[in-house]
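So the structure is just underneath, and the comments pick up after that.
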Amino acid sequence: MSETKREKLGEETLSTITGGTGAAVVESLKDIAPDLADWIISFSYGDVMSRPGLDKRSRQFSTIAALTAMGTAAPQLKVHIHGALNVGCTPSEIIEVILQMSVYAGFPAAINGLNIAREVFRERGVTVGT
Amino acid sequence: MSETKREKLGEETLSTITGGTGAAVVESLKDIAPDLADWIISFSYGDVMSRPGLDKRSRQFSTIAALTAMGTAAPQLKVHIHGALNVGCTPSEIIEVILQMSVYAGFPAAINGLNIAREVFRERGVTVGT
Amino acid sequence: MSETKREKLGEETLSTITGGTGAAVVESLKDIAPDLADWIISFSYGDVMSRPGLDKRSRQFSTIAALTAMGTAAPQLKVHIHGALNVGCTPSEIIEVILQMSVYAGFPAAINGLNIAREVFRERGVTVGT
Amino acid sequence: MSETKREKLGEETLSTITGGTGAAVVESLKDIAPDLADWIISFSYGDVMSRPGLDKRSRQFSTIAALTAMGTAAPQLKVHIHGALNVGCTPSEIIEVILQMSVYAGFPAAINGLNIAREVFRERGVTVGT
Amino acid sequence: MSETKREKLGEETLSTITGGTGAAVVESLKDIAPDLADWIISFSYGDVMSRPGLDKRSRQFSTIAALTAMGTAAPQLKVHIHGALNVGCTPSEIIEVILQMSVYAGFPAAINGLNIAREVFRERGVTVGT
Amino acid sequence: MSETKREKLGEETLSTITGGTGAAVVESLKDIAPDLADWIISFSYGDVMSRPGLDKRSRQFSTIAALTAMGTAAPQLKVHIHGALNVGCTPSEIIEVILQMSVYAGFPAAINGLNIAREVFRERGVTVGT
């Protein structure tokens, strides 16, 4: 896959998941780590998240599960709960994934994840169960 | 939900996911922590993993993502890769979830998760891509 | 143990440790994850924290140690430092548990835990050594 | 506190908890990191674990809780389960601490901790409940 | 090494790395955990960070790498990015260490570490690349 | 940077650090995750570890610090201790980095890291202090 293709694919997937643009990622990092913007676009979204072998909903469930369980990535969990809603996951499915983490990573991880989900739902005016 | 119902539901879901029985869980823990067997069956599988709001495939993807990212639960990751295959996830979908963790939890987490998946696939004689 | 008994036992232990009520837990989660309130009351406090095999002080020391070492559960650590004081642990004993984590989880974990303890002590107007 | 006093105190506490000697710690590390032996004896056991403000049983419960929750320190968890038995914790109390971690750090952490406890109990020929 | 020497050496290294004084550390902890101030000065900075076997720049790179990867020690990471600048690491070298963590601990760890570095650089008025 | 250049650069750096070849990485993953081999070569070693802004010794110290602190990546820590020796770090410098983790991630992390270093040193017949 050529560099141009990786970047183009990454920008499309980034846009589908986050609703943002590659240009905004570049802008946000140009003062301190411009190459990280390229890695996010071309590697994370281009090489990995664009892969056809798993549907976008399952990818977002997986990311939400991991970040909730790790408990060290609140800003990224917020981005990916938005992303899950953007690719068609329902609020109640997202809650299910987070609740499930109480079994695998403990209740504090699940509760902290839920509080982040609540923020996202409020920002978007969505309610669980609808 | 009554205790009997929680236990019954948990045993069904445990059996669907792991292929094992509640009796085997009870047997394996009776020497040291018999109540843990009850919690695994009634809480983890009965209250949580049996919930109708998320399909079983998505639940297994979420568990595999979390355990791969955490990197501290190799035996349980092995059980849940078996479980993912048992509920209809394909080997290549499982690989995708694990590979995706390279972005969120780093390459060592993904590589160690892959090695566990390889063990499971070998035990079952399945190959990726089929 | 029947559902009613689990819930009743859980509410008692929740009240003893946190000083709060099951009704408040239910209220705080009813918009987003009502079943989690049930799990917290019936499983965490009813099945686990109510067990007679370990005294309540030792249970709180254990929770404080774990949450300090994990470093990912500041809100819950705060709740359980309050809880430790509620069940008769002294401020200086709580400090000892947190300080001990410098050996097992590193100085940053211990220092961050101490800062949370200081907040709790200030809220309650208690001082270490008294 | 003088160096000699720290070391002497550390050796006593090390012996009480682990049943081993400072000389054995020194011997085990002299090829690769002799100063670490000094830190273990004088800092971990001398400065920290010898402190009078918390009883030795509570210190061992705290260490077992932390190491079970972290899930990255199996050899040290084994040492400290032995240590807990050495200072008068009962097998069933140790099991309680480990089981409690299912709430705070997830079921895999608790199950992996239990398996280490089972090893220790077998080596010593003790059974839970006695 | 005598207690006095450990303390003196620790105070010197603490001052070199953080620009602060042992007296300030003592003052900040005297209300809640005065002995922790001694451990920070005599053990962390005196016994460990003062050792001659590794240059101060490499020690700061190592600490920044670890704290970025762990993701649970934001205040300490901030202190040690200041410390790295104080002992002659350049802003761009610090960024390199943090970016490298995307490979070993995942992109969220690296991004969160970068945001802390950006805060430090702004406080000091330094810019990357200069 | 073109795909071909990323791959070429990655193979060179991989060879310098690990002493292995890209072909061997490809071979080891072709059954289960062939694209991961590409990511390891082109992203981890090509995009990240080849960057000129930080010397190779500092990169290896940083990786060893992170993996020791995380405690979840024993096989990768082993690879990178070999890598550190391959790029000119001395055994005693590597030990210093690992020992330093006792302050930031706790004694169990440092002790477990040391045991991995000891294995590597024995395999290569090197001794600390030489």
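Each chain carries a letter (A, B, C, D, E and F) given by its place in the written order, and its residues are counted from 1.
In this text, contacts are C-beta pairs under 8 Å (C-beta built on N, C-alpha and C of every residue); 3 or more make two chains touch, one makes a residue touch a chain.
Every value quoted in this text rests on a predicted model; they were computed, and no experiment measured them.
Chemist: Tell me which chains count as touching both chain A and chain C.
Modeler: B, D, E, F
Chemist: Specify the chain most distant from chain E by Cα centroid.
Modeler: B
Chemist: Please tell me whether the contact surfaces of chain B and chain F are same or different in residue numbering, using the over-half criterion.
Modeler: Under half shared, hence different.
Chemist: Where are there more C-beta contacts: C-D or A-F?
Modeler: C-D
Chemist: Would you identify the chain whose Cα-based centre sits farthest away from the centre of chain C?
Modeler: F
Chemist: Taking each chain's centre as the mean position of its Cα atoms, how many Å separate chain C from chain E?
Modeler: So the centre of chain C lies 31 Å away from the centre of chain E.
Chemist: Between chain B and chain C, what is the gap in Å from one C-alpha centre to the other?
Modeler: So the centre of chain B lies 29 Å away from the centre of chain C.
Chemist: If you average the CA atoms of chain A and of chain D, how many Å lie between those two points?
Modeler: Taking the mean C-alpha position of each chain, the two centres sit 40 Å apart.
Chemist: Two or more other chains touching the same residue: where does that happen in chain A?
Modeler: 35, 39, 43-44, 48, 51, 67, 69-70, 72-73, 76, 95, 99, 101-109
Chemist: Could you draw the chains as nodes, link the ones that touch, and say if you get a line, ring, star, complete or other?
Modeler: Shape = complete; every chain linked to every other.
Chemist: Residue numbers of chain C touching chain E in their complex, please.
Modeler: Result: residues 70-72, 95, 98-99, 102, 106-112, 114, 117-118, 121, 127-128 of chain C touch chain E.
Chemist: If we count contacts the way the header does, which residues on chain A are in touch with chain B in the complex?
Modeler: My answer: residues 43-44, 48-49, 51, 53-54, 57-59, 61-70, 73, 76, 92-93, 95-97, 99-105.
Chemist: For the complex, which residues does chain C have touching chain A?
Modeler: Spelled out, the residues of chain C in touch with chain A are 29, 31-33, 35-36, 39-40, 44, 67, 70, 72-73, 75-76.
Chemist: Show me the residue ranges of chain F that touch chain C in the complex, using the header's touch definition.
Modeler: My answer: residues 69, 101-109.
Chemist: Could you please specify the touching residues of chain F with respect to chain A in the complex?
Modeler: 1-3, 6, 35, 39, 43, 47-48, 51
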